[in-house]
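Both complexes below contain chain A, partnered by chain B and then by chain C.
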Partner chain A sequence: MRHFNLGDFDYIVLAARWTVLLSLYGLLTGGVIGVGIALLRTSRSVAGRVFAIGYIRLFQGTPLLLQLFLVFFGADMLGLPLGAEMSAVLGFGLNAGAFLGEIWRGAIQSVPVGQVEAARALGLGYFPRMLRVVLPQALRIAIPPTVGFVVNMIKSTSLAAIIGFVELTRAGQQINNATFRPFLIFGLVAVIYFILCWPLTIASRRLETRLGAAYQR
Partner chain B sequence: MDYVFHFSDVWEARNELAWGALLTVELSALAMVLSLFLAVIGAFARVSGPKPVRVAIGAYVEAIRNTPFLVQIFMLYFGLPTLGIRLDANQGALIALVLNGSAYTIEIVRAGIESIGHGQTEAALAIGLHRFQVFRLVILPQALRAVVPPLGSQFILLMLNSSIVSVISADELTAVAQDVQSRTFRPFETFIVVTLIYLVLSLLFTGTFASIERLAFGRKVAQR
Partner chain C sequence: MKCIRFLIGALLLVIMAARTPAGAQTIDEIVSRGSINIGVLVDLPPYGILNDKQEPDGYDIDVAKLLGSYLGVKVNLVQLTSPNRIPFLLTNKVDLIVATFGITPERAKSVMFSIPYSAIENVVFAPKGKTITKLDDLRGLRVGVPRGTVQDVLLSKSLGSAVKISRFDDDPSTYQALLAGQVDAIAETGLTGDLFYAQHPEGNIERKFILLQQPNGITMRKDQWSLHQWVDTFVYFTKNDGELDAFYQKWFKKPLPNLPTF
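Showing the complex of A and B:
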């Protein structure tokens, strides 16, 4: 057993960059999937809606940890070993897709139907209607809950530690195994997560109040 | 892509998995009840306690909600023994779930309390009820009725989060799954089955919450 030193401190603080990167990649993947799910969920096609609902139910009704295990072990078994990092990105992305899809569906549906009807009456097809009429209005409503979800995403990336990817939590575990100062080390780890998450929590809350005020007129 | 599925090894372990699922249900149900109990007290203190108490509860809620559950588990499970407090894995798991769950639940119950008009409190005080009676008899029942849906989704999340306590090898469903997969070398099959069990559990919990809502608040909700 050795003492906790400045090198350990640096190691943990620097591991936070993997947490940030993993969150970014997870959000990008999830964002692409989420747009697809939200559009399918609000589309006129019954099959599309059923698929989107099933996707959302599946990913919101099972533990994220199990989803990560399935991607990690599943890819391996099917003969395309992804490794911990790619599995984590894919797992977080699939999961985020369900949550973002559900958030954005709500935002799209909050745009008054009259707007869609008017756009259709003007002869706009699906994509120009969505891109130029519906989505710009939905965006305003979607931003606060989306920022709130980013906080969840950052916290969730700690689960990558369990499949062996070295990010903030795993780095803390490694140092704790060598020095055994759990309160100090996991306290430090928790503080770093807090510094990453808290500003976003506050931003989400502020945006929501401001938006609420705008809609009260 | 020529993987052959073998579910027979997982079927062999069905009893273990059933016990694991049962423990997951027990652990989550107990954590839900305790979180709600703590949250009612916490939300009351957060809204009408003295300033230091309000600040302390606010800080607790923010600290829990802005850090990962996994890190909280590690802190508790590895930290408490250094203070001379020994916990077995299941106790540690329950405490972690309750500490985490109550922070989220406090916020939900607080929002419910704040949604009740202030006139209600004034009227109740005017007819001579004590501050605590006002809360227990007038505010709380209405607040709880208002927050049943978000409370339900939060409790489903709690149940799903309980899979994370498998890292301290409490013997709930995910920990049993880890055990089975390391013994049978069938991780994919094991985790497929266990994921489906969780899906069934979340449907069961959703159904239970809906019945509780109907039984407890049914007629009143219908009247509105």
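Showing the complex of A and C:
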């Protein structure tokens, strides 16, 4: 057993960059998949809707921990060793894709149907209708649940420890296992998570007010 | 959590069943590759910890490095956690594991153990006022253990529902729980407990009795026969020439216990 030193402090603070990077890349991947899923889920094509529903059910219905486990060890069995970083990004991306897709599907569908009908009546095709009429209105509705999901996801990156990815929580555990100072170490870890998540909540409120300005009466 | 562990267990079986026979890995392959990937734990002091430079260190890590130097290859240490040790091994992500892995017939169904290279002493700790001298004295008490460990299995098996077992995720939480009075006694690694409670004299906690001595083996896949033979030879040799004893003295301030062999 040894004492907590400045190097341990740096080790934990620096491990936060893996939490940030994993969240960022996971979200980018998930965002791309999510847009695709939301559009398929609201499209007229039956095959597209069935696929999107199946995808969402699969990823919402199984624990994230197992999805990470399957991507990491499963890829190896298929002869594609991805490594812990790639597997974690892919695992979080696939999972976030399902949740974001469902959140954005709800936002798209909550745009009053009259808007879509009016756009059709004006002769707008699918893409201009989506891009210029539906999505701008859906965006405002989608912000609070999206930010809620992102904050949750930042905190669940700690699950990546199962595949050997050392991020904030895991780094804290490792140092605690050597120094036995749980209150100090997990207190520090909690403060870092708070510093990562709090600005997002503030930014979300600002963005909501700004986008909502047009609807103030 | 229990359900997730069960699912992981089930997945593991699938992975084991579906694993394509990549051909048994031989010692020659590792030597000609020039490096060996060794899985270690860094959260079990003093067997494996992060030292004050945040690098892996400890008894297991010293053994792993010595093994590499006898093989004449570079050692890549891979940091594992106790639940992902077997999956990493079975999917060829590590060549072998030096991670205080207790030798049990149950585990030997899926992996292969070398002869013991270390032992871990499981001790029951409790506050000084309590009279606990044998297993039966634990009846009716709340006993803390790290989840899924040998002591967890032993207590559940021998006392069953007569003892209230509280399972914690790792060693520090288990030690802390006794200090905080959440449990009446714990079954834990003797040496680490001695150090921890020496730092917290206000808890008035002492050793009660030794629950068991658990010998640990270096762990390999079931088809690594030639590597297994070499590792046994390595353990035998370094035990006889005093190198393992020197590591044990360094980390535990005690001579290497008498290790049974098979």
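The rule is simple: the second predicted complex is superposed on the first by the 198 of 217 C-alpha atoms of A that agree within 3 Å, B and C clash if a C-alpha of one lies under 4 Å from a C-alpha of the other, contacts with A are read in each partner's own complex, and residues count from 1 in each chain.
One rule holds in what follows: contacts are C-beta pairs under 8 Å (C-beta built on N, C-alpha and C of every residue); 3 or more make two chains touch, one makes a residue touch a chain.
Small disclaimer: the values here were computed from a predicted structure and weren't measured.
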Fit or clash between chain C and chain B when superposed on chain A: clash
Touching partner for A:55 - first (chain B), second (chain C), both, neither: neither
Chain B versus chain C as contact partner of A:165, first or second or both or neither: neither
Partner chain in contact with A:149 - chain B first, chain C second, else both or neither: neither
Which of chain B and chain C A:99 touches, first, second, both or neither: neither
Chain B versus chain C as contact partner of A:64, first or second or both or neither: first
First, second, both or neither for A:8, with chain B first and chain C second: second
Touched partner set for A:73, first chain B, second chain C, both or neither: both
If touched residues of chain A are counted for chain B and for chain C, the larger one: B
Touched partner set for A:189, first chain B, second chain C, both or neither: first
First (chain B), second (chain C), both or neither touched by A:174: second
Clash with chain C (superposed arrangement) - responsible stretch of chain B out of 40-48, 112-120, 184-192 or 202-210: 184-192
Shared chain A contacts, counted only where both chain B and chain C touch the same residue: 63, 65-66, 69-70, 73, 76-77, 161-162, 173, 176, 180, 182
Chain B-touching residues of chain A, taken from the complex the two chains share: 58, 61-67, 69-70, 73-74, 76-79, 151, 155-159, 161-162, 169, 172-173, 176, 180, 182-183, 186-187, 189-190, 193-194, 197-198, 201
Residues of chain C touching chain A in the complex: 4, 7-8, 11, 15, 18-20, 42-46, 49-54, 78-81, 83-84, 87-88, 91-93, 170-173, 175-176, 192, 195-196, 199
Of chain A, residues touching chain C in the complex: 1-3, 5, 7-8, 11, 63, 65-66, 69-70, 73, 76-77, 81, 161-164, 166, 173-178, 180, 182
Touching residues on chain B, where the partner in the complex is chain A: 1-3, 62-63, 65-72, 74-75, 78-79, 82, 156, 160-161, 163-164, 166-167, 174, 177, 181, 187-188, 191-192, 194-195, 198-199, 202-203
